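Shared between the two complexes below is subunit A, which pairs with subunit B and subunit C, respectively.
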Partner chain A sequence: MRVFLTGVLGLALVAAVAGTWLAPYDPGAQDLALGAAGPSAAHWLGTDDLGRDVLSRLLAGAGSALLWPVVVAVCTMLLSTSLGLLAGYRRGWVDAVMMRTVDLAIALPGMLVLIVVVGVLGGGYGWAVLAMAVLFTPGDIRVIRSLTLAQRELAYAEAARTLGLRPARIMFRHLLPNLAPTVVASALLSFVAALVALAGLSFLGVGLPAGTPDWGLMVEENRGLLDLNPWAAIAPAALITVVACTATLLGDRAFESLSKGGLR
Partner chain B sequence: MTYAKAATAAVVLALTTACSSGAGPAQTRDSLVWGLATAPNSLDIAHGFNKSSTLVQSAVLDTIVALDSTGKPAPRLADWTQPDPASYLFTLRKGIRFSDGTPVTADDAAFSLSRHLDPKVASQAASYFTGVKRVEAVGEGQVRVTLKRPSPAFLAVAATAWQVTPRKLAEAHPKDLGSPEVGTVGTGPFKVSRFSLTSGVVLERNPSYWGKPPALRKVEFKTIPDPETLRLAVRSGEVDATDGVNVRDARKWTNLPGVKAIFYPGNAIAYLSLALKSGPLKDPHVRKAIAHAVDRKAVAQLMTAGHGTPATIMLPKPQITALYGDDLPGLPEHAHDLAAAKAELAKSGYPHGFELKAPYASTGDTGTVMQAVAADLAKIGIRLVLEPSPTDQYVSRVMEHDRLSIQFVNLAYGTPEPIEVLPDLVSRASAEPQGFNFSGYGTAETDRRLDALSSATGDEKKTQVTALLKEIAEQVPYVPLYSADYAAALSEKFTVGFDTWTVDTFANLRPAGR
Partner chain C sequence: MRISALRVAGAGLIVDGVDLEVSPGETVGLVGESGSGKSLTARAAAGLLPKGLRAEGSVAFDGREFLGARERRWRSVRGTRVSLLMQDPFAMLNPLRTAGAHIAESLRGRESRAEVARRLAEVGIDDPRVAGRHPFQLSGGMRQRVALAAALAGDPELLIADEPTTALDATTQHDILMLIKSVQAARGMGVLLITHDLRVAFELCDRVAVMYAGRVVEQGPAAELAKSPAHPYTAGLLAAVPAADRRLARLSGIRGSVPTAAQVAATCAFAARCDQATHACEEERPPLRELGPGRRTACLHEVRPRPHVEEATPPERPAAGAEVLRVTDLRKRYGGHVALGGVSLHVGRGETVGVVGGSGSGKTTLARCVLGLVAPDSGTVALADAVRPRHRLVQCVFQDPSTSLNPAMTVGAALAEAAAQGPEEGRLGVRELLELVGLPASYAGRRPAGLSGGERQRVAIARALSVRPELLICDEPVASLDVSVQAHVLELLREVGGSMLFITHDLAVVRQLADRLVVLSRGEVVESGGTAEVLDSPAHDYTRRLLASVPAIP
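Take a look at the complex of A and B:
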């Protein structure tokens, strides 16, 4: 299972890094005479209605499909881990202010906020990624904080305080390693959520400009071709699903392995 | 005993229901479900001058006159004479009644027109009647309309927007006539049985209808915004007919079992508008380069799937046919020619190309057209940066003439008169916010020509229209792209004819074979 999951994610990573070079055709090259053609030897997954090669667009789109969710996951992980540790370790007014802010943020309808940021306020895709990282952070802060509250009462943390170690050192050198399984699993779940949410934004037409090779946008642009070349819509949708499932399963596995004392 | 009776009645009822369900398809249907892509918002053209609302209005409200299948004015509620070039005398049919049984008077007909000029009504059709000076009920069943100046397009406009409703009702509800709360009363083949913004509209046969009674007893309008869901509803028989067919998807509709896909010339023109007030588009050589670079034939095929033609003249095709027949004027054309495009660009102030932001609506066909155009322009060094916006925001900005650049526009019109279209394109008044002149092109000379056209007839009309079209072709504020057919789908259980001008669809719809 692990080999399979790693293999799938590895292929996705290769496509993300080298997709543009691996693509058999220019992903933006149009040939209106070849519009919505089914799979053939020349075009393995057929073409879309503007005659662009679907396989090439899938490969070229892997970069943005995977890179931005990774950015969201990393930002979310850094923010939520720092703030969660701080709230759980310091407690008192820091904890109270932070938790009430988290309560407020969790109550916001995430997708609507993103649509407003990107669509109505005219923010670019970068703003969507930033907003998504901010929106995903509160949930993870709450998890990290609750784990920190439990860890800070354990004997090793008490000993560190007795030795007079600085709070930052205790949090990041002593508590954090014990939270690592949850941090890694949460990061992978953030990646999955961002992958799906960004694809959703593209599907709604408020993410990337028309014509950009992007899996979510391809589903939206090609869903009208289901009876002409179904692969144009099914292939990107399937890739989003496969990558999301793989990352989720890997997150579970990473959590189990790290909880047992390291990745195996 | 009581329980036994009830049980027996239940069994009989169940069997009856089962039998009637099974026999359904064999029976002649006298009710029809029509699928709409957007919900009608008002059954009064003053507040619901849009495709779905006017479709329902056409079944309930009669206009004073009609257009025949060739686009020529024909009597409907009234016949007319023209005592002088600037006035019309309409004589109402005798004995016509509204669906509530009250007789139609000349006063009702006159008020139905004059209310569009009342600022309190804020009619969406007001611009159609700005040339009207006076409307008055005169004599027995007669209405005199006096225009500020002769307007040969008046009858065509009246056939589109002069719907007749009772004065008493319209006067009591200047702003909410036709709303779900107030409804409307007309003389058309059907009357409103139910109208809800959410659950749709149900119409029933109007027993007071003055014409041949419609074959259908009931018409129900259901709103199904998603095109694919609408297609599946037609395929399954849940919906019997729809005009919500995008010709681009023609291939999906032509093979539906038990459904006829019907195509007929659309009174619409799809084009690129080039905002020439500033930036590279101010340069006429740049505009000509763009006109040469865009492959209209390919765009037309992409967007109409063979049910349309590339456009070379900035008028809807049915208007061109109505005016010129087959004798088209010789106008400058900008054929697809990359060498010519590059040559024009070389003569411009941007010989090496440039980058241009191009906002577009993120839903609908706009994104597809703009991608095809961007690919064509990239070949001569013009890089379009496509910027998606939610459709409502995009439309709002465009109507405010905010951030105009190179826009895809597809406008539909109601009459065969070019005077309905040309002021939208080149009048200076339309270049202001809320106008449709998105290019900003317009001179004192074009305004003078439009003024002359508004009262021109015969050869003079052709001369004025040709001069304006020639100016547009030479100055290239617009690049005509294609003329698409209108499309409808109809269950084979029913039959009706569709054409560009007539709006008698529901009066003429009947079960197949009758």
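Take a look at the complex of A and C:
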């Protein structure tokens, strides 16, 4: 199972890094004479209504489809881990202020905020990604904070305080390694959520500009072709699903093996 | 009940051939350190093995075999013939049900208010209103009484009590043990008492079986076993037990650590740690040979008599003068609960002061105030000087060895980090620190998960000492260690100690270490003075009760 999961994610990574070179055709090249054709020896997954090769577009789109969720996951992880540790370790007013802010942020309807942000700020994709990272952070802050609260009462953390170590050192050198399983697992979950949410944004037409090879956008643009070449819409949707499932399962396993003492 | 050739195995062999018999009206003790397989033996005897473990051999009640029986058949004997009393009174009762409901449930058809009240009275609860209370409204001792009443409600012929008093206070522990004893005598039932504490077993039991690495190594009447152990392991355990009535010149533990049952399947289980071991011990498994009526040992040799440990005169008390700690009128409340109600004490340089008290006496809060982990409401804590930072003046060895070290850090990294917090001049390296606490230098690369409880406590001591503090606080440093390991750690503390504030609930332990004693009760100092004076002629009622609850070795 583990080999299978890492295999799937590995393939996706290869496509993300080298997709443009692996693509048999130029993902933008149109062949209007061909139109929306079904799979053939020349075009394995057929073409879309502008005659663009679907396989090439999938490979070329893997980069942006995977890169941006990774950016979201990493930003979310950095933000939530440092803020969660701070709130849980410091307690008092730092904790109170932060947690009330978190409560507020969680009460916001995420997708709506994203659409508004993208709309108001002129549709820059970078803004959408950043806004998403900020929107995902509060939930993870809660998790990290509650774990920190439990860890800081353990004897080793009290011993570290008794030794007069600086708070930053206690938080990052002593507490953080013991939260690692959760940090890694929730980063993978953020990745999945971002993958799906960004595809959703593209589908709603507020993500990348039309015509960009992007999985979410392909689902949107090609869903009218279901009777001519269904693969043009199904393939990108299936890829999103497979990558999302794989990352979720991998997160589960990473959590298990790390908490069993995989740190050794 | 008769257990014969019981073997329990999961991923590895855990219990390897245990024979045990409990007759009606008899109390049998099953004694062993952690990892000896005693608890699993008890659970196998009640048909309650955890998932994934399998038992072979025989467990019979009145000659009828029950091992491997279906759950249905087990249910017909549980409660009525055999009943189990477990260790943790906090987890054993359902928090949503009243004490009375727990008892009524097992009364089966005879439940009435009067009957429940009668059952509560049997375990020493005279107030019938207790039946209407929920577990969280009861103290630990009360809960254990209720649990006992519930276990007895089906009028069992055999009560299996698994460490029934380990989680309780010294005085409560004594009360519960005496209660089990009196109930056993009144009902004439059999009791199988599982415990790690030899003193408890000797106090309560007619016969005692000592378990080690999954097998019984010695069996016999309690008094005989205590007087002349016939197995080196029993002798070693007895030698390691500290006494409350005298300070021993040397505390001797047993070297090495407990092997798994599988490792020693074909040899004497104790051979690797035994001073008397010969070639023959390694060659085959010594049979449990008969020594006298009901007295058996699994040792091939005549056990050397215990060397008489002479009483030591406490070291000269250092001349009063430099103080490393003076606590004045310290007060701390948590909500309505008074943890410290004006405590004053002092520790002179080179002196060990013991702080004794039961749970809720405020002794841990006192330690945390001195360490600066909590801020007191009022009162002052003055350390050796006001110039140096607090962490160079006072360090602490915490109670729980399972959490006292960071699981993600190697021993070496933890010690190096701690040493870096101390003064530069005369700083000790990791190797020297490990040597100081008697551990090999190779341990620097290990993580806490690869260490035993005793070894972790040694590392924790090294970590505290690496800063070279003026004062060392020990908060129950040996409370969760096995007795043979406890002796090693206490001996180590004696060697390296310096000025110490030693916090414990165990009078026998404090007798071995402290020069002076402070007895805390409900956040107040009720008595203080030289260790010998206080323990030999206690003035306060609370001290007397604490002393009376220490089980004596016959």
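Definition applied: the second predicted complex is superposed on the first by the 259 of 264 C-alpha atoms of A that agree within 3 Å, B and C clash if a C-alpha of one lies under 4 Å from a C-alpha of the other, contacts with A are read in each partner's own complex, and residues count from 1 in each chain.
Following the convention adopted for this analysis, a contact is a pair of C-beta atoms (placed from the backbone, for glycine too) under 8 Å apart; a residue touches a chain by one contact, two chains touch by 3 or more.
Quick caveat, the model's predicted, so the values are computed rather than measured.
Participant: For the combined arrangement obtained by superposing on subunit A, do subunit B and subunit C clash, or do they fit?
Facilitator: Fit.
Participant: State whether A:Ala160 touches subunit B only (first), subunit C only (second), both chains, or neither.
Facilitator: A:Ala160 contacts subunit C only, not subunit B.
Participant: After superposition on the shared chain, which partner residues are touched by A:Ser257: those of subunit B (first), subunit C (second), both, or neither?
Facilitator: Touch status of A:Ser257: no partner.
Participant: So, does A:Ser82 touch the first partner subunit B, the second partner subunit C, both, or neither?
Facilitator: A:Ser82: touches no partner chain.
Participant: Look at A:Thr101 in the shared chain and tell me whether it touches subunit B only, subunit C only, both, or neither; answer first, second, both or neither.
Facilitator: Once the two structures are laid over each other on A, A:Thr101 reaches no partner at all.
Participant: Who does A:Thr248 touch here: subunit B (first), subunit C (second), both, or neither?
Facilitator: neither
Participant: Using the touch definition from the top, say if A:Val120 reaches subunit B (first), subunit C (second), both or neither.
Facilitator: first
Participant: With both structures superposed, pick whichever of subunit B and subunit C touches the larger number of subunit A residues.
Facilitator: For subunit A, the partner with the higher number of touched residues is B.
Participant: Between subunit B and subunit C, what is the shortest CA distance in the superposition, whole Å?
Facilitator: Shortest inter-chain C-alpha distance (subunit B to subunit C): 48 Å.
Participant: Please name which positions on subunit A make contact with subunit C in the complex.
Facilitator: Touch list, subunit A to subunit C: 154-165, 173-174, 177-178, 180, 261, 263-264.
Participant: If you look only at subunit A, which of its residues touch subunit B in the complex?
Facilitator: Residue positions touching the partner: 28, 30, 32-33, 35, 49-50, 115, 119-120, 122, 204-211, 221, 223-224, 226-228.
Participant: Spell out the residues on subunit B that touch subunit A in their complex, using ranges where they run on.
Facilitator: 227-228, 249, 251-252, 295, 298-299, 301-302, 360, 362-363, 367-368, 370-372, 374-375, 385-390, 393
Participant: Mind pulling up the subunit C residues that touch subunit A in the complex?
Facilitator: It is residues 371-373, 389-392, 394-396, 398-400, 403-409, 417-418, 421, 447, 449, 460, 463-464, 467 of subunit C that touch subunit A.
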